[in-house]
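Please find the structures below.
Heads up, the next two complexes both have chain A, just with different partners, chain B and then chain C.
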Partner chain A sequence: MSAGADHGHGSDFVPRRFVLAQFGTSDALLEGTRRIREKGHKKIDTHSPYPIHGLEEALGLGRPKIPAIVLMGAIAGVCAAYSMMYYMNVVDFPINVANRPGHSMPAFIPITFELAVLLGGSSSFFGLLIGLLGFPEPYHPLFELDSFKKAAIDGFFLSIEVPQGGNQDGVIADARQVGALNVEAVEESER
Partner chain B sequence: MTVDVQKFQGGGGWMTKAGALGVVGLGASLAGIAMDTQKALFSYLVAFSYWAGIAFASLILLMIFHAFRAKWMVVIRRPLEVMAATVVLFVLLFIPIVMGMSHLYSWVSPAADMGAEALKLLAHKKPYLNVPFFVVRTGIYFLVAIFLSHRLFGWSTRQDESGDVQLTVRQRSLGAGGLPFIALVISFAAFDWLMSLNPLWFSTIFGVYYFAGSILSTIAILIILTNKARGKDLFGDHVSVEHVHNLGKLLFAFVCFWGYIAVSQLLLIWIANLPEEIPFYVVRFRGPWVPVGIFLIFGHFFIPFGALLSRNLKRTPKRLAVVAGWLLFVHFVDLYWLVMPTLSPDAPLFHWTLVTSFFGVGGLSVAFAIWRMRGHFTLPVKDPFLAVSLRYRQP
Partner chain C sequence: MSAPATSPAGDLTTDPVDPRPFIEGTQTDQTINDTLLHHVFRGAGKGWWACFAVALAMLGCLVVALTVTLVKGIGAWGNNIPVGWAFDIINFVWWIGIGHAGTLISAILLLFQQKWRTSINRFAEAMTLFAVMCALLFPLIHTGRPWFAAYWLLPYPSVQGIWPQFKSPLVWDVFAVSTYFTISLLFWFLGLIPDLAALRDSATSKVKRTIYGMLAMGWRGSGRHWAEYKWAYLLLAGLSTPLVLSVHTIVSFDFATSVMPGWHTTIFPPYFVAGAIFSGFAMVMTWMIPARQFLGLKHVVTMRHLENMNKVMLATGMMVSYGYIMEHFIAWYSGNQYEFAQFFEVRQKGPLAPIYWLMIFCNVVTPQIFWFKRMRTSLAVMWVASILINVGMWCERFVIVVISLHRDFLPASWGSYAPTWVDICLFTGTIGLFSTLFLLFLKFVPAVAVTEVKELRHETEHDAHIEASLTAGVTGGSH
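What follows is the complex of A and B.
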């Protein structure tokens, strides 16, 4: 690795900035999230020790994309299973079993169904983990904040990413205005 | 939370119309039986098993809800109770089948041309397949179903007056405890009424197949009802899109269930390929009956399956009702496909009494259901979980 490339990487780095707002109750978090979104903040996320009803609506997440991924996985499973069995039983190695035709639909149904379920199910798991949750991502700038540990215990947090070139103080003021008890800011450090 | 409804007194127009249609249709069917006995009786059996199956399946769905202590469905429970309570009407509608048994079931008086082997097998099955025991068994089926539906409907309407929570406990106990009995009832009813049309053939899953189609039709009727039953004192006004979504999911589940059972029955018989098990499919897999079977595969499974995948469709009551109506039609074709090949193995047969019997039996059951509904609330107004049901949201 040359020094020039290293230097170039360093100059391209623009740290992401986050504002972390802590709320006292889950209801306050819901209300605060709704209002912060009304103020026009786009990149927001919430962190709470347990799932809270109505948070999807408050975050404006819309419908999940999982069903489409699962449908594609299931269709792929159907195609793969049926063409595999057709190729093996008709083209590659036909065996006469009790004089049934090589291409016997009733016998193909269970495996077609099973592979559709298998690929549909696993595509929901991996599609969610890798495609939608961004796995693996072991680090996030919010982890720098000590108070963020409470998100796994008793803290209700709303994090807002400050847009590039945006005014961080304005975001902090907005967070205070919607009822946050405690507001902190953090900047991504270069690794 | 309370709902502002009075006891239902309307529906008189519908009751008269349905009742008149039923009487005219039944009269025409009876005339048809007098003219062309066998064809008309087979048609009548299709219509009878269609509507009776819906009444039995309504009872089962109601009991499943009670067994699971479901709360979301309280607002749509009353129509189910009423549909289950129509089961008593089918005792009367069963009379033509008892009268015409010798024309329907070849085991009543086996013809000599069936062959020595078949006659020997039928003689072996005589202790089960004989007329008195058949009638007694059907009587037992109706007694069990009438007892269960009468108690559940009675307790539920009594709670409308008293609001006694103990009645909910009783309904739930009976719903759970009665399920094994009613499951055996519908299974054996299917064996007796439909499967014994081919007395030498047997399939242990046949009762489940009949149940799957029937409960699908029950849910379809519930969906159409919640669409139509809107207005003064009617429960439809209190049903939200969340309830309709759940009904759509149930419809979807039972479309899959029907397909699963249909494949299970076919696969085991097809793969074993035993002479005593295959006649049912041999008739239906050859010649002109093939298009009916293919229509069922697509109409009863693939098309509704694809349509019901859509969340949007399940949350649009009017479009869901179209799918429900379609499934009510294909269930009739399904029963036609079960019954008719016995009478006419060489070609699909359409007899005009199919239409008159369908509307005859159907009109009378609808009129009877509306009559049972009158004088009661269209939703259980004092059920302890009505408020939970009314504010139900998708999880």
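What follows is the complex of A and C.
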């Protein structure tokens, strides 16, 4: 728990250190988050069992990235579907049924729509979980704290990553100052 | 309205339209967590095992019927020219229609900000998945040799160099139904992730903690994650909404684009979608009434939820009835003698007329009882009505598929139809498959979206506090 540079014995592993602060209510968490950010802490995050209104502002987050990902997925679906049908039914193997045209836009609409939804929806799911959230992420240092279990049940937490070489005790003091009920520190374990 | 700071969990809310709360009793996040996860952690009771045994027995029927179908071919079924489609397509349309209520509840009601969806969406979404699985089975096996079906249905670069004909609604169906299943699965699982984390952190045994922990993939309720998650969920809902409408529209195109009297109808797409939602709500009701009793969910699935569902059934039942009326009107108004004969002679007076009249009774007459509040709030009445509606919707598909086909243009090509035991076993078997999967779902996954109920409780509490502080003329206030 020493604040100094404790880099193990020759290994490159530098454990990340976190301070976890528990708040009594969601309003206290929002207020605490806002104030801790004003104190200049950069790597902060909140943990709550459900999304809390106003959290994005408190954390100072920008616009969400997922809509652009989904839009790209949907456009890719439209292009893939239409070009697939055009190639197969017009270019590669046109089937002449009663001299109807090979390229028939109305008949190509349903599958174009379905593939837009399929790729758009899939990019929403995979883009979120794998692309933006980096899941599956079975280990996170915070999981080592028993009290953190309440984050998925009924607890409101603020976590602050202590910068490399930073003063952990200072972060703990800041967390107490902004109204945390209970403050703990945890260090990443080497795996 | 100016009642002193009624606790949000108190008896009534300040909603002027309907003051009954969506979550009954005094609840905290912890009590919601405990009561909604309880049925996952407790051992399976005798009732569950009894139901599961029946479901497995019915699933056995499916295994037998599938084996016979694959060994002997689809000649083991009762359909033959002129009735080339029968139980296979009836059951396909029936099951996929049942699935649609899940998407309606989870996606469309989310976009319309209907808060009552929160207690029933998980349940209905699971129903969607299992119903679509049952539905998918039928088009697959009705090809006769399902192991070749991939060549015929999907654009696969086979040595024959032939591609699917994309102007055929049957090919649209393949894309629509497989997209529908995939998106429903992703939507369901995305909603489940925070609940899996709650399960992981509430579990007492290491095995459960590990399994639910793996499924939760490391969810830690991060605010940065929630910010993107909310959007991803909303976008999936936004995509699912037109998707669900498109799926049953395309299913109806399988019929409507033909020239068969009784099929060649422009009202089919909206009428199929309404019927799908109608039957899906009925199926949710059939399962929800016993489940809320046995799983201890009465405080979150309240009478108000059930009453709302009955109102939806009344509304969609009226839309279906309107569809019937328009079909008959157009048959008369078009002056087409084949259409007229199909609707006014064959269906009403033909050899299979009893099924038509059963359909009218179940789908047109039965939902009318929901005009009366006493009926809308009686569990026995709504449970029986929900079963009748499902019977009626199955009859509707029978009427459309079989009755249309067995009397077409030329009297010389008329025929009759009767299912074989394999047909009946297959249908019973899919009910068994659905029930088995559903019972497993009720055992291992929270039947109600725990996270969303907590969020709803939190919002309600917050609103009540703001209102209370406004009326009291003071600011702030502690929880």
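Quick note on the criterion: the second predicted complex is superposed on the first by the 181 of 191 C-alpha atoms of A that agree within 3 Å, B and C clash if a C-alpha of one lies under 4 Å from a C-alpha of the other, contacts with A are read in each partner's own complex, and residues count from 1 in each chain.
Quick note on the criterion: a residue touches a chain if its C-beta (ideal position, glycine included) is under 8 Å from a C-beta of that chain, and two chains touch if they have at least 3 such contacts.
Please read these numbers as outputs of a predicted model, since none were measured by experiment.
Enquirer: With everything superposed onto chain A, say whether chain B and chain C fit together or clash.
Expert: fit
Enquirer: Roughly what angle, nearest 10 degrees, sits at the C-alpha centre of chain A between those of chain B and chain C?
Expert: 50
Enquirer: More residues of chain A in touch with chain C or with chain B?
Expert: If we count touched residues of chain A for both partners, the winner is C.
Enquirer: Look at A:F143 in the shared chain and tell me whether it touches chain B only, chain C only, both, or neither; answer first, second, both or neither.
Expert: In the superposition, A:F143 touches chain C alone.
Enquirer: Once the structures are superposed on A, label A:S122 by its partner contacts, choosing first (chain B), second (chain C), both or neither.
Expert: After superposition on chain A, A:S122 lies in contact with chain C alone.
Enquirer: Does the superposition put A:P67 against chain B (first), chain C (second), both, or neither?
Expert: It touches chain B and chain C both.
Enquirer: Give one of first, second, both or neither to describe whether A:I153 is in contact with chain B, with chain C, with both, or with none.
Expert: second
Enquirer: Should A:L133 be classified as contacting the first partner (chain B), the second (chain C), both, or neither?
Expert: second
Enquirer: Just chain B (first), just chain C (second), both, or neither: which does A:P110 touch?
Expert: both
Enquirer: Check the residue A:S48 against both partner chains and state whether it touches chain B (first), chain C (second), both, or neither.
Expert: Second partner only.
Enquirer: Chain B to chain C: minimum CA distance in the overlay, Å?
Expert: Minimum over all C-alpha pairs of chain B and chain C: 6 Å.
Enquirer: Output the chain A positions appearing in both contact lists, the one against chain B and the one against chain C.
Expert: Shared contact residues on chain A (touching chain B in one complex, chain C in the other): 67, 107, 110.
Enquirer: Along chain B, where are the residues that touch chain A in the complex?
Expert: 263, 266-267, 270-271, 273, 309, 311
Enquirer: Going by the contact rule at the top, pick out the chain A residues touching chain C in the complex.
Expert: 24-27, 33, 45-53, 55-56, 58-59, 61, 64-67, 70, 74, 84-85, 88-89, 92-93, 95, 97, 100, 104, 107-108, 110-111, 113-115, 117-118, 120-122, 124-125, 127-129, 132-133, 135-140, 142-143, 148-154, 157
Enquirer: Going by the contact rule set out above, which residues of chain C touch chain A in the complex?
Expert: Listed in rising order, the residues of chain C that touch chain A are 28-30, 33, 155, 161-167, 169, 171-172, 175-176, 179, 182-183, 186-187, 189-190, 193-194, 197-198, 200-202, 213-214, 217-232, 235-236, 239-240, 242-243, 246, 250, 253, 451-452, 454-455, 458-459, 462, 478-479.
Enquirer: What does chain A use to touch chain B in their complex?
Expert: The touching residues are 63, 67, 71, 98, 106-107, 109-110.
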